[in-house]
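Heads up, the next two complexes both have chain A, just with different partners, chain B and then chain C.
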Partner chain A sequence: MTGAARSSLVLPVGLAITMLLAILSLRFGLRDIAWPEIWNALFAFDPMNADHITLRELRLSRVTAALIGGAALGLAGALMQAMTRNPLADPGLLGVNGGAAIGVVISIWILGASAQAALIAPALIGAGIAAVLVLVLGGAAHRSGPDPTRLVLAGAALSALFLALTWAVLLMSREALDVFRFWVLGGFTGISMTQVMAVLPVYAVGFPLAFLAARLLSPLILGDDAARALGVRVWLVRLICVGAVVLLCGATVSLAGPIAFVGLLVPHLVRPFTGVSIPKLALGSTILGACLATFADLAGRFLLPGREVEAGVVIAMIGGPALVILVRRRQEVPL
Partner chain B sequence: MTHRLLTENLSLSYGKTTVLDDISTPVPSGKVTSIVGANACGKSTFLRCLARLLKPTAGQVILDGTSIHKQNTRDVARKIALLPQSAAAPDGMRVLDLVKQGRTPHQSPLNQWSLADQEIVSSAIAKVGLSGFEERLLGDLSGGQRQRAWIAMSLAQDSDILLLDEPTTYLDLTHQIEILQLVRDLQEHRNLTVVMVLHDINLATRFSDNLIALKDQRILLHGRPEDVISESAIAAIYGLQCSVIADPHTGLPHVIPR
Partner chain C sequence: MRLAAVTLVMAVAFAQAALSQSRMIEHAYGTAQVSGTPERIVSLSYIGHDFLLALDVKPIALRHWYGNFEKAVWPWAEDALGDAEPVILYGGIDIEQIAMLAPDLILAQWSGLTEREYALLSQIAPTIAHPKGERAYSASWQQMTRQVGLAVGREDEAEQVISDIEDQFEAIRSAHPEWQSQTAIAILPSRLSAFGARDLRGRFLQDLGFQFPTAVSGIDDFDPNFIRIPHEAIGVADTDLVVWVDTPDVNDVLAAIPLRHTMQAFQEGREIYTDYELTGALNHSSPLSLPYALDRITPLIEAATDGNPETVVPGWTRDGKVIQP
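Here is the complex of A and B:
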């Protein structure tokens, strides 16, 4: 099959698999729901039926969060790798996850928050503060715009600082440790539709901005000089790109905790199908990100008898070996 | 004759190091001008100033009567194309995709890819002799072919001024001649204004209408190769003792180091 045919086929196939996984996610779990009951729960809801309540209150919001969160992380990863021209770049490098974590532990420690719903706002604020700090230290205020290397260094430094602060709080507060050790795994269990709706506005800005950034980034793969000579305002493109990544990752970490590997791994899996085109890579990574997160969330329900494994753990278990195999086979298209 | 591109008291410093000092020169329109000089004499910096990649510390670059830094980035890109020295595209990129990038300054989110764009891209690829190579990956091309693809990208930009920063680096002698001959042909065919940085003084002499020799942050010599190249000039530019003989094919001056 030619490259063009492969790349035109991969999107519909990826989308179909993702949809299938999403439907299976409604069906299976600690309590399986029969197919007719799924239909009824959606279109003929009976508030007294336990199956209907499970599906409406738990499964539907959970699979929605996995779809959107996974898509956001995949897309953000594609942008990060394209922008930094670094195949190991991961959205987590911008310090957003670290900022969210410190927001979460402080809110547990000082405000006594423990419900997952109460952690969204502090995580989002922490992620936002981290993002602004990383942008400022990374040279966003500089005339030539943020420098990818400085951004990543600033992100790494701030992540280390946030981690130290997080542990300091955890040492002082046992309650914080109890909530945090669950939050830090990352996963989509127990997310309610209200929570999804709370972060939806962030996604509503983040996704369009990210696809715009993907289009604008294309000339930058020719190098900064070539891009500038083509009339591209490199600083503006980088700023839009980082802004989009921060919004997507900030919303996702607030909703589902820090989920590693999706942003790092997904673009590598997509690249053999899309070649070097950044808009295609972004679209493919969005779909595959959603697919991977939904799969991990679903698979986590079968791994241990009688209990669920968080999606973040499943993804790490898939992601580690997958990355090793990718590096060994060197099948990915070089950046 | 009026000059579309010129510099006025152009100076540029990195911190305390002055790279260009008070350079005022026209860039002759419709000619090939080569910038020559010893390593680190500011050749590339001068070219990057002309391309608006660097902002001068003092003075200005004038394009069509106005300072280049007061003009819209996109407008400048429609008038000046640059082939940077660091030109590097992913090996997995197709020739066609590289050349298409040349249309960037003519596009906007509202003004999408058109049939006219397609024709300009095809004609640019044809002009550099890469027709039939559109679907090839850059990584599968020879160095000379890759450089042709980049030149096609600059042509697709459809500007009258073409700046080339060491276009022959990493090429063997045959391909160096081939690329410079291509630049010469394109310049004559489309009446382009070409400015390039070249290391090889003999190639510069052969393929240029004008030479600008930089030395100690300033212009040492500026003129037609046959007028400016002499044994004393080469000694002054490069600090090299040499003989200058007439090239048996063209009669142009040819430098032979002693």
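Here is the complex of A and C:
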């Protein structure tokens, strides 16, 4: 099969697998819901039927969050790696997760928040502040635009700062630690449709911006100077790119907590099929990200008796070894 | 030779006499040796000051857990503390701060003390961690009272305190033999997590005669004291009595549990809600807080378990909402 044929097939196949996983996510879990009941829950809803409620208010929102969140992380990862020209770049490098974490612990500590729903707004605010700081320190206001190296350094420095502050709060407050240790695992359990809807506007801006950024980034592969010679406004492209990554990751971390590895791993899995084209890579990573997150969420329901393992934990269990295999099988990971 | 033998015998006798005066307290990280009456007690257990005050012993420093009370002790301990002004220890265990207090006894039974911290603290003063054979937060209030009594040299008072409170439990139990065949669980609604069978709050319900639901013990959680119940499997917690403990915005939090109204406990009015102070009393489960907790919770449980779904449990509206003060 030629490369072009492979890349044209991989998207529909990936999409089909993702949809299949999403449907299985509605069917299987700690409570077994028969196929006809799924149909009834959607079209003949009985508000006293526990199966129907489970499907409508728990599983539907959960699988939606996994699909959107996974897609956002995969897409953000592809953009980050393309923009920084660094195969090990991860959206977490921009300090967004760290900012969300400090927002969460401060709100638990000072406001006494403990329900998952109450953590979304503070996480989003924390992520937003972190993003602005990273952009400013990374030279977004600079005439030549944000410099990828400076961005990553600023992100790493701020992440370290936020981590230290987070631990300072956690040391002072046992309640904060109790809530935080579950939040930090990352996962899609217990997300309600209201919460998904609350962050949907952020995604609604983030996704189109990200796909635009993927198109604009292509000329930058040749290097900044060559791109400038072609009339590309490099600073603007980078700004759009970072903005999109921050929106996608900020929304996801506030919804589901910090989920590692999706942004790092997914572009590597997609690249052999799509080649160097950044728009194709972005689209493929979106689909595979959704696929991986949905799979992890589903798999987590079968690992331990009577309880659910957070998707973030399952992804880390898959992602760690997978990345090692990738690196070992291919001595260099070309971009 | 003979002299030497006599000296040796005398030395052994003296040593035994000295040892019999000092008390040996076994705990998870070793054995603490305390002699005489400790005067400068640092209480690191989040609830430990209650146990000391119940034996009429005042610590020179106590640990802040939660709640905004002037001296970091809850209302039931205020009288026992009187006008004493112990240092309040905030945050994590600060070894240097403790060393500066020059304690002669450190009590850390319900503090999550690590072995490393124990190694340092035990060089400062005899230190007592959680009881042997228990995890950091799994000891019963009786075990802790007994250890504290031994450590401060008030074993008899400790036994007296224990039997007084056990009598109160016994009186309630014998008034309600029907509870023996029922199951009960205490749940923090904001995280839908149940207090385990060996947790203080789980033990409290069992001390009243209720059984811990086996389906919940079957959940393989990392922390058996605080078991997360997956929303869709809430049926495991659908016991004869469901105790929702206090959480901010409790009505919103309860409304966000999608399957709550499918629970039989909800439909038959067998839920109770413990408000901020009552929850605090259960959380402390100390000789000082337990009488208060029993006084307040017994009428609630009686209303919930009277077998009549029409009875409105105090603190609830007819449609299952918590009445906020």
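The criterion applied here is as follows: the second predicted complex is superposed on the first by the 332 of 335 C-alpha atoms of A that agree within 3 Å, B and C clash if a C-alpha of one lies under 4 Å from a C-alpha of the other, contacts with A are read in each partner's own complex, and residues count from 1 in each chain.
Assume a residue touches a chain if its C-beta (ideal position, glycine included) is under 8 Å from a C-beta of that chain, and two chains touch if they have at least 3 such contacts.
As the structure is a computational prediction, the values presented were derived from the model and not from experiment.
Enquirer: Classify the contacts of A:321 with the two partner chains as first (chain B alone), second (chain C alone), both, or neither.
Expert: neither
Enquirer: Is A:171 touching anything from chain B or chain C once the two structures are fitted on A? First, second, both or neither.
Expert: The answer is second: A:171 touches chain C but not chain B.
Enquirer: Pick one for A:277: touches chain B only (first), chain C only (second), both, or neither.
Expert: First partner only.
Enquirer: For A:219, select first, second, both or neither according to whether it touches chain B, chain C, the two together, or no partner.
Expert: Only chain B; A:219 stays clear of chain C.
Enquirer: Does chain C touch more residues of chain A than chain B does, or is it the other way round?
Expert: C
Enquirer: Quick one: classify A:229 as touching chain B (first), chain C (second), both or neither.
Expert: first
Enquirer: State which residues of chain A lie in both footprints, the one left by chain B and the one left by chain C.
Expert: none
Enquirer: Can you check the complex and tell me which residues of chain B touch chain A?
Expert: 48, 51-53, 73-78, 80-94, 97-98, 101-102, 104-105, 109, 153, 157, 163
Enquirer: What part of chain C is in contact with chain A in the complex they form?
Expert: Against chain A, chain C makes touches at 46, 65-66, 90-92, 188, 190-192, 215, 218-221, 226, 228, 230-233, 235-236, 247-249, 252-253, 256, 258-259, 261-262.
Enquirer: Under the touch definition given earlier, write down the residues of chain A that touch chain C in their complex.
Expert: Touch residues, chain A against chain C: 29-31, 48-50, 53-54, 57-59, 112-115, 117-118, 171-175, 178-179, 182, 189-190, 192, 304-308.
Enquirer: Where on chain A does chain B make contact in their complex?
Expert: Per the touch definition, chain A meets chain B at residues 212, 215, 218-219, 221-223, 225-226, 228-233, 275-277, 333-335.
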